[in-house]
Structures are given as C-alpha cells and as structure tokens.
Amino acid sequence: MDTTSRSLVTIICEPVLEQKIEDDLLRLGATGYTANEGRGRGSAERHAGEIPGVNVRIETITDAALAVKILAHIQEHYFAHYSVIAWVSEVQVIRASKYGPA
Amino acid sequence: MTDILRTNLLNPIVLSFALGVFARLVRSEFTLPKDIYTGISIFLLFGLGLKGGAELAETPMATIAAPLGVTLFLGVLTPITAWAVLRYIGKFSESDAAGVAAHYGSVSAVTFLAAQQFVQAMQVQDPTLPPLEGYMPTLLAALESPGIHVALAIGALRTAHPEQKLGAVLHEVLTARTMILLIGGLIIGYLSGHEQWEKIAPFYDSKGAVFRGALCLFLLEMGVVAGSRLGDLKKVGPFLLAFGVLWPAVHGVIGAWLGVWAGLSPSGATVLGAMAASASYIAAPPAVRLTLPDANPTLYLTSSLAITFPFNILFGITLYFQAALWAAGR
Amino acid sequence: MTDILRTNLLNPIVLSFALGVFARLVRSEFTLPKDIYTGISIFLLFGLGLKGGAELAETPMATIAAPLGVTLFLGVLTPITAWAVLRYIGKFSESDAAGVAAHYGSVSAVTFLAAQQFVQAMQVQDPTLPPLEGYMPTLLAALESPGIHVALAIGALRTAHPEQKLGAVLHEVLTARTMILLIGGLIIGYLSGHEQWEKIAPFYDSKGAVFRGALCLFLLEMGVVAGSRLGDLKKVGPFLLAFGVLWPAVHGVIGAWLGVWAGLSPSGATVLGAMAASASYIAAPPAVRLTLPDANPTLYLTSSLAITFPFNILFGITLYFQAALWAAGR
Amino acid sequence: MTDILRTNLLNPIVLSFALGVFARLVRSEFTLPKDIYTGISIFLLFGLGLKGGAELAETPMATIAAPLGVTLFLGVLTPITAWAVLRYIGKFSESDAAGVAAHYGSVSAVTFLAAQQFVQAMQVQDPTLPPLEGYMPTLLAALESPGIHVALAIGALRTAHPEQKLGAVLHEVLTARTMILLIGGLIIGYLSGHEQWEKIAPFYDSKGAVFRGALCLFLLEMGVVAGSRLGDLKKVGPFLLAFGVLWPAVHGVIGAWLGVWAGLSPSGATVLGAMAASASYIAAPPAVRLTLPDANPTLYLTSSLAITFPFNILFGITLYFQAALWAAGR
Amino acid sequence: MDTTSRSLVTIICEPVLEQKIEDDLLRLGATGYTANEGRGRGSAERHAGEIPGVNVRIETITDAALAVKILAHIQEHYFAHYSVIAWVSEVQVIRASKYGPA
Amino acid sequence: MDTTSRSLVTIICEPVLEQKIEDDLLRLGATGYTANEGRGRGSAERHAGEIPGVNVRIETITDAALAVKILAHIQEHYFAHYSVIAWVSEVQVIRASKYGPA
C-alpha cells in the first residue's frame, strides 16, 4: 500500500478565534480540519473567556505549500495580539487526493 | 443599613460566591464542570426570559415605555462615561479604554438575579414596599447589547484595526447565547402567556427556591473564576482597582435614581441600578477580543469579574437600594 | 380544530423548538452542551420509565394485552409500508429504502412526550375526555426496536454487506441508552410500586411542570439540531420531502384508529398514533450506519429530524387527536 | 428483618444501582456523562452540607460533642484495624495494606445518603422511632479525611517512597471537592441559618423527593462503574473478597453500637454505622495513588467500589439498623 | 537515554465506528490506543449522529509494519462508506517494548 | 517564511498525575503545555479513578535537549508505578523563540 507524504498543521488558539481560523483554513484551501478542546499554559495569558487557560486545538492535513501558507497567515494575523501557537509535522497519508493536489 | 448589609452578606447566594473564592485561594482543584456551568446559565437565562415574557404579556405598553427608555439611555450613557474616565483620567490606551468601557456598558445577568433576590428579601422584611415589576427581564435584555456597540464604535473610530469587522461583531453579540435565551424566552413567554407559564413555572420558578438554589451553585463557580483572577489584581494597577469600585457605584446610583424618576418601584429601581452598575463578563469579552485585539483582556476581565462583580454582590446592591429609597422619598 | 392547533403552536414546548431552529438560522453559536443534552434525555427517559412502571404495576394484564399487540403490529407494519413506498414509488436504492424505513419503524421518545403533553392539555379543556392510560411508556418501549430489526432484515436480505453483523446490531439496539433507561425504569417502577414512586415523583414528575420544563430545554436543542439539517432539505429531493410529511400522517391515523379499536382512550390512541408516525433519530441512525454503510445518512437523518419530527410536533399530533376522536365516535 | 430487607432491596435507589450493574454486564454503552455525574455529586454534597449546617445552627454544642468524638475515634480506629487485618492476616504488602486501609478509614457519601434514606423509610413504617439527627452531615465531614491520613502515615512510616510528599497529599485531601462542598456547605448553612435554608430547600431538599430522585440517577452510574470492576473480582483474590464484606460489617456494627452509646438515636446510630462501614472511592484513591504508588489500585478500587459499596447498600445498612435497635434495647 | 523509532497512527472517524476500530486495532496487534472527542469538517458529511461534525480521534503507537497493516485495514473496510481519515508519523519512544516487537 | 525544528513531546498519563507532570514540565524548563482529556486502553489498567480508562494527553513543544530531559524524567519518576507513556516527534515551528533557546 502506497502512502504519500503530507503536512499536518496543528494550531492551538484561544476559543474566541476558533471559528475565524477554521474559516481561514478552508478559505486558504484546506480540505478539512479537526478541532478539540484543551487547556493549557503558556507565556502569555490573554484569553478572553471567563474560564482562563481553555483553548482549542485545530489540526489540518495539507500539502507542504499550503502548510507554509497557513503558518504565514497565522503569524501575520494573530501572533501579535492573540494566544496562538502553530507547528507543522510531516505525516504519511493514504488517499492523498483527499487533501488536495500535492 | 448595616443590618440590611448583614442580611445580604449572610445570604447563601453571597456566601456561595465567597466559598468559591476561598476554594481558589486554598488552591483547591474544585470547579464546576464547564458544561454544568453552561447548563445552569442556560437554565437561569431561559427561565428568566420565560417568566419575564409571561409578565410582559400583562403589562400595558404605557407602563413599560419610560423604564425602557431610561434603560436604553443608560446603555448609551454608561459606556461613554466609563470610556471618558478611563481614557482621560486613567490615561488608558484607546483600545483598553474602549474595551473596558464595553464591559461596563453591558450588563451582568447574575448581578441582575442577585439584585432581584435581594429586593425580594427586602419585601419580606418590609411588606409596605411595592412589589418588583415583573417585566424587569425585558429591561435586562434591552441593556445587554447597546453599551457594547457604543464602546466598540468609539474604539473603532479612534483606532484603525485591519482585523476589525464591526458587522461580524454586531452579529456575534446579537446572536450570543444570552440574547437567544433571554429574548427568545421573553417572546415564548409572551406568546404562550401566563397560564402556560404556570404549567412550567415550578421547573424554572424564578421567584422561588429552585432559581435561588441554582443561583448558589452558579455563584460558587463564579467565585472560583473570580478567585483565579485575584492574582491579576496587582497587574491592573490602582486606578482600575478604584475605577472598578467607584464607577459602578456612580452608575448604580444614577440608575436607581433614573429608575424611580421613570416610575419604577424602589425595588425595580434597585435592580435597574444594579444593572447599570454591573459589568458584562460573558457577552462583552469575546466581542472586545475580536474587535480590539490589542486591548488587554487582563484589564477588562479582572475589573469586571474580580472587582466590580464582587463589589456589587457584596455592597453595591445594598447601596443602590438605599439610593432608590431615598429617591422615592421613603 | 384551528384553535386546538393554535393552543398547540403557542405551547412553550413547540415554541422552544422554533427558537432553536431560529437560533440556527441566524447562525447563532448557541447550543446546549452535549452532556447536558444527554443528561436531560436520560432524565426524561428514566423518569418516563419509572412512572410507567409504577402505573403498570396497577394495570391488569388483560387491559394492556390488546394495546400491546396493536403496538407490536405497528412495529412490523410501519417499516414495511415505509420501505415499500420508498423502494417502489420513490425508487430509492435497497439500502436507502431500508435505512429510512428503519427510522420510521422505530419511535421518537420526544414526539411521544410532546403528544402526552398535548393530550393532557386537551383534557384540561375538555374534562369529559377519559384520562390518558398510565402504561403508555410500556408501549413506547415495545415500539422502540422491532421496526429497526424488520427494516434492517429487509435491507440485509436484499443486499450483501461484508461488514454487516446483524447480531452485533441487535445487541447494540437492545442495549442502547434508550432501552436501558426506558425498560430498566419500567422494571424498577414496577418492582418498587406506586408508593415508592410517589417519593421520587416530584423530581421526575412526568405529569407535571418539571418534566415539561426540561422538555422545553430539550426541544430548544432539538430545534438547533433540526435547524442545522435544514440545509440538507435541498439534497434529499421532493419525494422524501413529501414522504416525510405524508407517510407519518398515514401511519399516525392508522395508529390512532387501531388504538381506539384496541380499547385505548382517545388520548391514548392519539399518543399511539404519534408513536407510529414518529421516526427515531437516536436508536436507528447508528444501527443503520453500521448495518447498511452505503445507505446515505443525509436521507434518513434529514427526513426524521428536519421533516417528520417538526411536522408531528406542529401539526401531526393535532391530526391524530382528531382521528382518535373520530374513531371513538366523539 | 427479612421484610425490612425486602423493602430496602425494592427501593428505587437500590434498584437503580442494580440496573447500572446490569447495563454493564450486558455490555451496554450506557453511561452518565462524566460532567453530569460530577454535577449531581456536587449538587448532593452541597445540598447535604447546607442542610446540615442549618440544622447545626440549632444544635447545642453539648448535644453533638459525644457523637463527634465517637466519629473521630472511628476515623482513627477503622483504618488501623483494617490495616492490621490486611497486613498480618491477609499478608498484604505494606503499601497494599495501607492503601486499602485508607479507603476503609474514610467514608462514602453515597452510602451515607442511602443509609439516611433507609432510616427515613423505617420511620414511616414505625413512627415511634425518634427522628434522625439533623447534624449528621457534620459527622460525615468529620469522618472524611482522618482515616486517610492515619493509613497513609502508617504506609509512609513503614515504606520509603521517594515520591511521597505527605504535605501535598494532606493539602489535596483537605481541599478536595468533597471537603469544599461539604464543609463549605455546612458553614454557609450555619451562617445563613434555617430561615434562609427554607428558601432554597425545595431545590436541594435533602429530606425529600428531589434528593432521592437525583440519588437514583447517581446510583445508576455508580452501578455502571461498579459493574465495570466486577471483572477484577477474580484478580483481588478470596481474602479481599471476604474482607470487603466481613470487615465493613464489623466496623458497621461497632459504629452503630458506639453511636447509641454516644447518645444518637437508633436512626443516627445506623447512619454512623454505615459511615464507619463504608469505604471511600472519591477522596482516598488519588491520595493513595500519589503517596503509595506501588499500592495496586485494582485492590482498593475493586474492594471499595465493587464489593463493600454494594454490600452496604444491599445488606449492610439493614444489619447496622438491627445492631442499633439492639444496642438501644428496642 | 536511548529512544527507539516507532509509528504513531492517527485515525479520525465518526463516533459510530469508534468501538469497532478500537477492537480492530487490538485484534491487529496494537498494544493500546488513546482516543478523544473532536469536531471537524471534511469533504463529506456522512456522520450518523444527531449532532453533525462530532468525531473521534484515535491514536496508537505501533511498529512500522503494523502501522501499514492498520492503514490498509482502515482503507479496505471503511474508506468506501464512512467518514474516516488516517495518517502515520514517526515518533521516538522510550521503553519501546511496550509497543510490541520492532 | 523560515520555520525552525523543535521537539513535540506527548505524554499520556492517568489524571491523578496531570498537575504533577505539568509542574514538572515548567520546572524542567518548558515554556508551556497543552492538555486535554482522552480515554484509552493499554497493557496495564492501574488508573486510580472511579472511571477507568480516562486519561490525560499533555503536549509540550521544546528544544531537542529538553525533550530528552523530559522523557528521562518521566521514565525515572513515573514509569515504574504509573500508567504513563510518552513520545517525541520533530515539528517545524514559527517564532521558535517562544519555546526557549534552541
């Protein structure tokens, strides 16, 4: 069975940004995403929520180029003022077609 | 006044809040599960709306017109005064001033509920007090959003944010949980009327024990949340500390006075005062966060949750009650 | 009929559902936390079972035999008729026809509850109506699973699925939350009897306000869920749209008529009709998903949640009530 | 005795537990959402505290002194006897003996509640029984933590754990949910007094239906949890099986006897006996896990949850009641 | 401290499949798994649940060979009709023995 | 846009350890962490909680050296008696400074 290399982008952000970032992802060309709740601690605590430390973890599988585009987008729009972190790792997927052209 | 204050401080609702703060201070892991917390707030807001709507159905438009007008006026006045004080006396940044102002322009439903409980207790002690107006939840709904928009508009006008989409925020605020439940509840209560309400009242029972009991649990968690913000009190500086206590008091007294002037009973005016004095910590924060990203959340969350909310619960409401009695010449 | 309809439409339960749909349409983020939603459904089902069991303990076998027989007959009839219509008139694929049929063969507990509330309201208006049979929850439990198995059996016989393990699905359906709570509650209520039930009744209080109030919250979320499926109405095509309204009506009228024939009161027959007309959206979907993977979930979820459920709540129940009255010659 | 036993076994609370076990045995996916489970336990504990505090406010110190002393004595006695039996007769490892002992030295709030319900039922049957002391929750709070510390101290003294920080564990136990809610509730109830309690009682209503109804749901889940541990019964060996039934019985009879000796009513002594007999499964496990990492959780969780808890609920309480009656010479 | 390379298989599926896939994993030889709830958006929306978009994220650490076997199994049994995605990434573990022979 | 390579340490542990391990991470020098609940199955079932199988998933982004230190710490203090597993993978981050000096 042949697997293809893709990029897994993981974004951790404060809840207020979830909808916005998810929309950004689809607009930028991601074919989908998976999100779930988490809690965390970081250098800043700037969450705008009654309950501090709660945040959202968003994952999306994309091709390498889009991954870079996403990171750049996050950096440009959110890093300055929001509690957001993001990273990329390389993963092997099957039916790569699902995640857009390589 | 002192024994009114004692009655208020020895109230299970207030004591539950204190317990929550205490739990946090002793670093207890205790906390109400997030979903339970949300569930209770949904229950309280929806019940509040249903009850208020049923009462509204029996209220002639003429009766409510003036109080409603005064409420909307407060919704415009309070964010502006708060903003002016923070910007020009407190020398806060444009975004911080507008961000904090948005919170004080809106209202805290729990403070409203606590005030409602307070005046009901007062009526037991002094039966000559006219009863609390049943349509108060309508005023609560009316005060929820205008203040947020006024403050955000100020902030938007005086700063330039690439990100800011006021439209999106307007939508966000108007469709927020609080609005859906409160206004939706009001409409449902209004349409289905008093007889239908009676059939579900024991479940929501906003006058009675169920409501009060649920409020205790809710304030327990509010205490935990406020307690977890106490550490930030150092960060916000002396000015905001003073502002968070004094300015609500000013708003509250004005609100109580205007309430009486608009024909509300002393009880109703007290609740209106508490509304004006209270700072939102549910609807306002996300709206401010999205529109004014460079406003510092620590400032507005700490002042509304850890300073103004406790102040109103512990002392403010009693003060506004006195103001209302005085304005009513009792 | 029209004012009965009005009474029904202006009922907080129905209006709460409408509010939920509305919230979704205005793209509000409002939703009941998943665990609260589950918690309320557990509360409602368990309370329903306990109450029904206590009543069952006082019901002679002879009384319930005929209604029970008719219920089981409906459990076999409705999935077959639904399947036949979808397969041969609607030209649905084998899997889609069987998949949708499984939903219409089973029952929606919330529709049952809404019907129960409806007839209770009718009894207030017309005291000459004989009271609703207390053992109805037993019939609800009896109608829950047979229809699913009949439809899945049809589907299994006429398609060949590598994955399908009917045994596993049988187990899954019989041990599903609904069955455990409903049948378990029935047995507990039956064993502990009426006196014990009285001691916990105020908490579950299926006749009264608590139950009704919780139902409002539940329907609020049902509205949100149904609302989020409205977009799929285009996808399912005109045939399923028509089917989702007309076929339940047919099942409902047959159910009401058979109910009267089996000796149920008009109220009981109305509830039985609503049961027959209703489509399951809790027990059936996973069972179908696992047994008939190539059946399109959009079809069965949209038709049961976004078409048939609202139809029954808004109009169906009133219709079945008329049918029951007519069958009872009143 | 046998019909008292029947009454107890046919109680919805006990039957709900049985249903939960059954659901697990048939591998049903049914389970109460974690947050709902936590929410109910918060509700029960806080209500228990509030009620107990309000009662305490009316109890002269002299009345409660002796029962309180006996309770604390049990808090020291039970972990030591349990430890000695496990270590020297059962030949358990130091850590396992101390770990299990910590559980039997503490108390299960749900067993307390079940005992309370039981004696209330008995009072209905025999009105000559003096009423249950209202301050029992104070004794519950007093018995919660000492036993854990005694057992952990024994374990710590006789083993050497790099990890163990008794201080941290002391803090953890004292600030655990149970303590905050129970003791916090007691203080709030005490400070706000009976009149205030009356105003929220219907919501918590620890004597009445609401409490009992919520308890059913809670025991349903307890049953699921206990059921999921039944598989481990093989693992724990015959000695712990016997210990888990016999030793609680011994503790329970001693507790009931001492209760009467200290001046408690037969009802109060029964509840005290149930407390002494019960094993903690909320406060103790994490404390033991952190202090005695090499103690095997399967041993202490299985014995407290799957052996002793069911035993007490099904038979133990009835036995302690007999012991109390006998000690009281009735 | 010596770490060993293992494969981390991540599967995101609709809730109705969770039990089934978890059983598959153990049967195929995985020594364990970790699952948690999430919500997501993808190309298809075929969840059979009242609440759309809810799904489950299952992770299992295995050796390379088993990882491939698992992907193949998922592809063969579930891709056709279910909302499932899966990917593999390489991770470094300690006490590798825990995850079966390399 | 330039990304830097960092280590993503993932730890899965029984709930009773969450606070302890999170404190350890910060003490060892991690700049933050993200945690969320999960459920799972493994070789041992030694959870000390009423509800078996529930556990916590903790992630922290660190530099390579710290990652090794964390794994060693976990191994030394928790492996013997607790249900804990941990793994490391390489990820690409932006604003690497956030995660301490490389």
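In order of appearance the chains are A, B, C, D, E and F, and numbering begins at 1 in each one.
One rule holds in what follows: a contact is a pair of C-beta atoms (placed from the backbone, for glycine too) under 8 Å apart; a residue touches a chain by one contact, two chains touch by 3 or more.
Keep in mind that this is a model prediction, so the values were computed, not measured.
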{"item": "Contacts common to chain A and chain F (chain labels)", "value": "E"}
{"item": "Intersection of contact partners for chain B and chain E", "value": "A, C"}
{"item": "Farthest-lying chain, centroid of Cα atoms versus that of chain B", "value": "E"}
{"item": "Remotest chain, chain F as reference, centres from CA atoms", "value": "C"}
{"item": "Same or different residue numbers at the chain A/chain E copy interface, by half rule", "value": "different"}
{"item": "Which of E-F and C-E has more C-beta contact pairs", "value": "E-F"}
{"item": "Computed distance of Cα centres, chain E from chain D, in Å", "value": "41"}
{"item": "Geometric centre distance via CA averages, chain F-chain C, whole Å", "value": "47"}
{"item": "Residues within chain E bordering two or more other chains", "value": "36, 89"}
{"item": "Junction residues of chain D, two or more chains touched", "value": "29, 33-36, 39"}
{"item": "All pairs of touching chains, each written as two labels joined by a dash", "value": "A-B, A-E, A-F, B-C, B-D, C-D, C-E, D-F, E-F"}
{"item": "Chain D-touching residues of chain F, taken from the complex the two chains share", "value": "14, 16, 20, 45-52, 54, 77, 80-82"}
{"item": "Chain D - residues contacting chain B, complex", "value": "33-36, 38-39, 42-43, 46, 50, 171-172, 174-177, 180-181, 184, 187-189, 191-193, 196-197, 199-204"}
{"item": "Residues of chain A touching chain E in the complex", "value": "1, 3, 6, 8, 22, 26, 31-36, 61, 89-95, 98"}
{"item": "Chain E residues within the chain A interface of the complex", "value": "10, 12, 36-43, 55, 57, 68, 71-72, 74-75, 79, 85-89"}
{"item": "In the complex with chain C, residue positions of chain D that touch it", "value": "10-12, 15-16, 19, 22-23, 26-30, 32-36, 39, 208-210, 212-214, 216-217, 220"}
